[in-house]
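Paired with chain B in one complex and with chain C in the other, chain A is shared by the two complexes that follow.
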Partner chain A sequence: MTMDPLFLALSLFRRRKFEECSEICTQLLKKNPYDQAAWCLKTRALTEQVYVDEIEVDEEGIAEVLMDDNSMAQLPRPGTSLKKPGTGIGAPTPGVRPMSQSGRPLSGFVRPGTQSARPGTMEQALRSSRTAGTARPVTSASGRFVRLGTASMLSQPDGPFINVPKLNLVKYAQRQNLAKSLFEYIFHQENDVRNALELAARATEACNFKDWWWKVQLAKCYYRLGMFRDSEKQLKSSLRDQEMVDTYLYLAKVYVRLDQPLTAIEILKKGIEKFTGETALLTGIARIHEALNNMSDAVQVYKDVLHYDNTHVESIACIATQHFYTDQPEVALRYFRRLLQMGVYNTELFNNLGLCCFYAQQYDMALNCFERALSLSTDENMADVWYNIGQVALRIGDLALSYQCFRLALAADNNHAESYNNLGVLEFRKGNIDQARVFFQTAQNLAALMYEPNFNYALLSQKVGDLQSSFSAVNKSLEAFPEHWDSKDLLRQLRVELAAL
Partner chain B sequence: MQEPSSQPSGLETPNIESDRADYPVNASSSDDSISTHVGSSAGPSDEISSKTDLTSDVTGPPKPKRRPGKAPDLPIYERRNWLIHLHYVRKDIENCKSLIDEQLNESQGMCEYALYIQALLLREEGKIQESLELFQRTVQINPNNVDNLKQVARSLFLLARHKAALEVYLEATKLNPQNWEIFHNQGICYMYLKDYENAAVSLKSAIQLNRHDTSFVQLAKVHLLQNDVASAIEVYKHAVEYSPENPDLMTTLGLLFLQVGQTQKAFEHLGNALTYDPTFAKAILAAGSIIQLHGDYDVALTKYRVAAAATPESAQLWNNIGMCFFGKKKHIAAISCLKRAAYLAPFEWKVFYNLGLIHLSIQQYASAFHFISGAISLKPKNGELFMLLAVALANLDDKDNAKKAYNRAAMLDQNDPVICLNYSVLLYKMNERRNAAKQFAAYEKRLDGMKRDGKAGEIDSQVYETAAKLSPLLQVGEKFVYKESSSNTSLPESEGYAMSDSSSKSSFV
Partner chain C sequence: MTAPNANTDNKRNKEANIWLDAHHDPVSSLHTFTSCLSLADLHADGDHKLLVADLGNKTHEMKLKVFKGTNLMVESSIIDLPTGLVTFYMDTNEPRTPAVAVASGPFIYVYKNLRPYFKFTLPPLEVNSVEQDLWSQVRDDKIDVKILREMLESLQNEGSEGLLTVRSLRFLQLEEDELEAFAKLHKSAPLKRQTVITCMSTMKKTMPDDDAISCLVVGTESQDIYILDPEAFTVLAKMSLPSVPVFVSVSGLYDVEFRIAIACRDGNIYTVKKGGKAIRTCVEVGSQIVGLERIGKTLVVGCMNNSLVCYSSKGRKLWSVYLPDSITTMTNLNHKAKGFKAVLVALKNGEVRLYKEKFLLSTMQVDGPVTAMQFGRFGREESSLILVTRAGGMYVKILKRTASFEEKDTVSGPPPAQSVKLNIPKKTKLFVDQSLRERENSTSMHRTFQRDLCLLRLTAARSYVSALEKSLNPVSTSGEPIKVSAHIQGFGPAFKLTIKLQNTSSNTPSTDLLIAFQFLESLYNLSRPCIPVPLLIPGIEYVFETLVECISDKGIADAIKVFVVHKGKSVPIITAVINMPVSEAVVAV
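Now for the complex of A and B:
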């Protein structure tokens, strides 16, 4: 006796065995092409294979960022825009908290957007960040979606399952049971936003503009097409029908794209009033605070998240990082240890544990942690581990060891600007001016947004009397870190020298 | 010939232009003392000949032959010099540049003053190489102008080509032997070429001609490079006499006094500097450290608070704040401040020394050992460091190495009595009476030496107490309670550049 194939397919779908599920459905459809249940199930199985969470994944490509005409104000007040994150109270100073390659303060948790700040120029945008791991930055978000669509087509040798252009969308829009899965298929599998939009528009009309789900889908389509204001309208109307966490998150995302972070926070807070203790909403708020460089508020919200979900990795990591950079390595150590207990087991964690142990003077543990980090490391993060070991060696005064460590970091990653800079400092201490100059220059070229190599180069040039190079370097340094007192002082001296008759 | 409408500047220019059209000569000579050779180049037709005229005539530009009543009927390149000058001194760079461009176009790049100002502007933008080329052209146009030569030399100097600059300056002295600037800059060039004798001579003659603060500062620098602090102080004293309201000079003088140990005078000068500029970070730091030395920690902390707002990345500042907290027995705060200082300046051995000291006093000997050994590898020849190392080792029950460290310390530092005293205590604890007595004798000898030098006031009272306890014991041999006397040294230091290295921790989970 064999099992009913449709029941088997459903069971496979629930067990997330989508390939097998869609195979059974294909056979069912061969027998009876008008089997709606099988058709619907196959659509959903195919969609699930390529489904991505729309709310999380959003990396802006160069085109979106540089030709951004969606932001409300061209010259926003400080602290109200993601383009010019605040530098006021709570903002980390680059003198203590290092910057990533793209000029954002280091975050405890890598996610889309933390690696690339909004670049000001084309040149900056084209330079991919070191930790991104790709040769080129994402040029355009829409391009990637198209590629996802073509990839899915490859897996079906006899053409696509549904030929979207030939569909009679009006007919399907009337049939609510099929329309929703068809829409998701078109949107995710085919990536055909235009047709998806048409279907959604007809469907929402068919149910007299009463269904919140269709409005959210409409908004998604508008968002993909870059029509943020329409998207916002649909989402708000959807919220009036039915309040959902997803909708709040999506609306916040729209506001972030419009460069209205404060409104986004407000929306998320409204969401929290309805859904008390929803960690996704809280995390959203914390992320925006962090993007605005308002670390103290961000940490406060992350702590709220931990109150509701005490295994939230992102929150723990961000709080730990903040404690580490505010001179509390002991506290940071506790958070990192918690991550270890939760089963996170990778290079970065051991590296951070090692640093915390060292700065909290638990020397025996520190070296073990670094050893573990090195044994777990891959090509991408090995350089960072060596670099940090070099820092530790510097702290115990073993300059030769630290020199070797920085060299090893460079062997692992040829573009490690921090190592170049520190090698330059070490050479300068030894009195090898020319060597030091070369190292600083390399670091300058690799990381234009770090102020250290620029300032060091300026200082060195000033020492040997080459004021022209010094002047241009110190200006670059101030660009990266406008409040740096030493740079300002140097610039003042140089101005006096240059203006003297 | 002169159309007012072609003037790019504001409303009032047409009037002035028409007024001044006849007297272009005086227009530019208000402070730059550029001798414009207007009279010689009467027009574009005889311009080249007039130039050759100039080069052959060494004595100076020929006098204008025209009668003052007769208006010139040909355009004169220098007629807008006064306007360029006006824009330049008003820092109206945009207008100035467009005016210069116009002028240079008209004169095919032969207008000396326009070139001169353009070069100055370029230099202020940091484009020294380009400005040098322009200055060299002005020299070609008018080789007798000392200013042009001076600027060429200065550009060379700014490009770190000191030898070439010096040669040009020497040439300029031939033209004008009474110019302080030339001597001053010559001195600086000599200084960079490490010829300190000549540098001092040149700077002194510059001061004789004209007393400028910068000359004093540079002369003092030369003295300091020769390790002659006393002369440097003398120079600064003179400088302060001539410009009594310069906080920079006073602060530096104060710091020099501090270096030679005259705390009272140093404090006087630093206080004066602070009355003129109450937020001058360098002076605050130095004054704070003196206050700190006298044990007035709260006052010092309020001083530092002002400085911290201005320079939050100064390792010296955090170091001193940390030692203030240590003085107030707030150990956790002290450690946290000192760690930040160490983070900002990883090569500063004094920070590590202080960290070691604090950890010794809160009895975390292993940590102390690590900090001190770190400091020793940065500064290998310091007796005090080895003494602290020995104290840490003794408390970690590594007596043999402690003894070695004491021996090393006593060898490196021949004057400090505390080393011998501590050593003697250790030996006594190890029941090596004879050696302990020997060290105690050494302690007394060194103490006498210090008293002879008049430095007895620097010794902590704790040292005397310990010695008083120890001396009978060495003769009698009873049980005793002893205290380690590791004198608290807060570091009165405020200058020195902080080579900020990027202490970036990569952390991503």
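Now for the complex of A and C:
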């Protein structure tokens, strides 16, 4: 006795075996091309294969970042814009919490956007983030999504399943049962936003502008097309019909794109009033606080998240990082151990555990952790592990070991600016001025937003009497870190020397 | 720590915002300095115009511009860069219209009714006799241009560079092949040595009235001060200084008693009195002077060391104030109706500060460093302030009639930072517990740590040796002292690979090097798969480029290795690894 093929396909779909599910549907459709159930199921199976959570994926392309004409104010007030974070209160100083190579404070959890601040120049946009291993797409509208689309084309040798341009969208819009899965297919699988938009517009008209789901889909299309204000309107209207967590998150995303983080936070808070304890909304608030460099508020919200969901990896990691950089490594150690207990087992975690153990004076475990981190490391994160071992070696006064470690970090990642900087300091200590200068210059070129190489270069130039270079370098250092006391002090000395008659 | 400070600052600014915005043109494209800005009642109709000697863009488009209200009324070209602009009454004719004097090079152009009226040339200076002799020999073809050049160079090296004529100086700058033509063209003309005007001011002649006849006071590059008669344009007096004057400040009447304070390039201020031929060093400021204003009987001096210092007329230091940034320009604010005199100081960070004595009365922020400002009557408004920023923006501000100038000492008492508590996190109980554990098991912890450290050293040394053997490092350790860094730019499928090589030694150049690449041939195509490297001079960064084309449309990426090798050796000296980004697909439009 054989199972009913449609039932089998449904079961496969539920077990997320989409390939097999779509194969069975294809056969069913060969027998009867007008089998709506099979058609619908196949559409959904194909969609699920490439489905990306629209709310999470948010990487701005170069074009969006550089040619941003959506933000409201060119010179926003402090603490109200994502373009100039760190202007509000409670921002960590780069002297305490180091910056990533693109100028954001190190975050506890890597998400799209946490690694890269909005770059100031085309050069920066093109270089830093792309060579850091994460390719930034040209525009989010074309590059990445087109690639996803072509990847799916490859898997279907006999052409696409549905020929979208030939569809009579008006007819499908009337049939609500088919229209929704068809829309998702067009939107996710085909990436044909225009046709998707047309279908959504007709469908929402067909149900007398009453269906919240279609409004959200319309908003998604508008968002993809860069029409954020229309997207906002649809989402708000959808929220009036039916309040959904997803809709709130999407609306917040639209406001973030419009560079109105405070409004985004307000929207999310409104969502929380309705859905108390929804961790997705809370996490959204925390992320915006973090993007504004307001770490203390971010940690507060992350703690709320943990109150409702005590296995939330992102919250634990971010709180731990914050504790580590506010001089409480022993507390950070507790959080990282919690992550380990939860089954996170990777280089980054062992590296952090090692650092926490070392700074919390639990020396017997520190180096062990680093060894494990090394054995787990891949090409991408090996450099950071070596760099941290180098730091530990510096702390225990073993300069030879730290020199080797920094060199190894450079071998693993040729653009590791921090290692170049520290090597420069070591060479400077040894008295190899020329070598040190080259290292500092390289670090300056690699990470223009770090203040350390600039300051070190200024100090070196001042020592050898090259006051002009020293002056320009110390000014760059102050640009990256305006409150840096040593730079200010050096600048004062330079002023005296330069103004001397 | 900065937050409370900023708060109080804001509050004070709100209280003391004494300026009304009358006009703001961010793209007026003016390029001028305080000395080239003036306000005057040009047509004797009570409507004061703004006169600007615009420096244009360094080499051309120098113009005298006259603004009526905010509209440009008259524009007339100036031949050379203007260094000063003043308005003065040169006769007693009715209606009382002032003349405009623009100093430029060795000339003063005088405009009357906005038409060119007279050109005054400073008296020529004595020409160096050797130089005179040389040129006369050239004229008579006794010596050729090469000898002339050598002789002039030796004259220049003797330290009398400033004493040569413009013609000789220009001659020395020319290329070898242009000498002959230049000498031929100019040798027959008589040799003249002229100086350049550095600063200009006016001094009332006999009466202290507003519209009384004034003399011009001119400072020159030849370290002289001239006082010129306004009617006949003859030199009334000439005084020599020990250095080049840069700012002059005049008080008194020429016929009665006057005193001129002159700030010079050697950082000293000299004073000259009527009759007294001797120049007195009044003040040694100790820093370069960037502004000089006279307020009553005191001199307020802006210095390059970010300070504002006040001296009495005898040269005694009265007070000094330190400023947060360097001074770009200064002017005085003389509010006659209120009998209020103060000094305006513009800073590099775009602030304009108003100081009465040493007390800061108000601060105003504009969107760039101010290079020129002038306070006075503009249009029919008695107390206007004109500001021109470095970016070419023009502001017109009006002093509020209700503005009160409270003198308060803002620096008294302890600084606000003193009362702010530092946010130092407390040590947690966890920390105490852990330190207890440390105290109890100290020996075993130390042993474990030392063992682990030995192991780690071994691991590090092994990896280091293997990295050295494979020459994986971007910085060489032995042999050739070179360093490589490589960057990739572009979206794909075409990328540009930039390789920077630098010799890190102090004096050994590197030779016979090649750059080679290792890459997946099915994925990438390089335009220059092997780059020969020229001799590398220490300290200079050499840049090499090659185009990389991604020939796969599968959306995959691979690493490209860059080797720097010695010719004839197979082991690379250094290696750089580039992780290629995923190439963007070609989007069909």
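In this section, the second predicted complex is superposed on the first by the 478 of 501 C-alpha atoms of A that agree within 3 Å, B and C clash if a C-alpha of one lies under 4 Å from a C-alpha of the other, contacts with A are read in each partner's own complex, and residues count from 1 in each chain.
Please note the rule applied: a residue touches a chain if its C-beta (ideal position, glycine included) is under 8 Å from a C-beta of that chain, and two chains touch if they have at least 3 such contacts.
All figures in this text were calculated on a predicted structure; none of them were measured in a lab.
S.K.: Contacts for A:D327 in the overlay, against chain B (first) and chain C (second): which applies, first, second, both or neither?
M.R.: both
S.K.: Per the contact definition in the header, classify A:L410: touching chain B only (first), chain C only (second), both, or neither.
M.R.: second
S.K.: By the touch definition at the top of the document, which applies to A:Q361: first (chain B), second (chain C), both, or neither?
M.R.: both
S.K.: Have a look at where A:F428 lands relative to chain B and chain C in the superposition and call it first, second, both or neither.
M.R.: After superposing on A, A:F428 lies in contact with chain B but is clear of chain C.
S.K.: Examine A:I272 and indicate which partner it touches, taking first as chain B and second as chain C; both and neither are also allowed.
M.R.: Neither partner.
S.K.: Using the superposition on chain A described above, determine whether A:A45 touches chain B (first), chain C (second), both, or neither.
M.R.: neither
S.K.: State whether A:N351 touches chain B only (first), chain C only (second), both chains, or neither.
M.R.: First partner only, chain B.
S.K.: According to the stated criteria, A:G108 is in contact with first (chain B), second (chain C), both, or neither; which is it?
M.R.: first
S.K.: Applying the document's definition of touch, where does A:I285 land relative to chain B and chain C: first, second, both, or neither?
M.R.: Neither partner.
S.K.: Mind sorting out which residues of chain A both chain B and chain C touch, each in its own complex?
M.R.: 131, 327, 361, 363, 396, 398, 495, 499, 501
S.K.: Of all residues in chain A, which touch chain B in the complex?
M.R.: Result: residues 93, 95-96, 98-99, 106-110, 131, 313, 317, 321, 324-325, 327, 339, 344, 346, 348-349, 351-352, 355, 359, 361, 363, 381, 384, 387-388, 391, 394-399, 418, 421-422, 425, 428-429, 450, 452-453, 455-456, 459, 464-468, 471-472, 475, 484-486, 495, 497-501 of chain A touch chain B.
S.K.: Given the complex with chain A, which residues does chain C contribute to the contact?
M.R.: 2-3, 266-267, 286-288, 303-306, 425, 428, 430-431, 434-435, 437-438, 441, 444-446, 448-449, 452-453, 455-457, 459-461, 463-464, 467, 472-475, 477, 481, 483, 485-491, 502, 504-506, 538-539, 541, 553, 555, 557, 576-579, 581-582, 584-585, 587
S.K.: Would you mind writing out the residues of chain B in touch with chain A in their complex?
M.R.: Within the complex, chain B touches chain A at residues 32, 120, 123-124, 126-129, 147, 150-151, 154, 157-160, 162, 181, 192, 281, 310-314, 336, 339-340, 342-344, 346-347, 352, 364, 366-367, 370, 373-378, 497-509.
S.K.: So in the complex, the part of chain A that touches chain C is made up of which residues?
M.R.: Per the stated touch rule, the residues are 89, 126-127, 130-131, 133, 135, 137-138, 142-143, 146-147, 150-151, 326-328, 330-331, 334, 360-364, 366-368, 370-371, 374, 379, 389, 396, 398, 401, 404-405, 407-408, 410-411, 414-415, 423, 434-435, 438-439, 441-442, 445-446, 483, 495-496, 499, 501.
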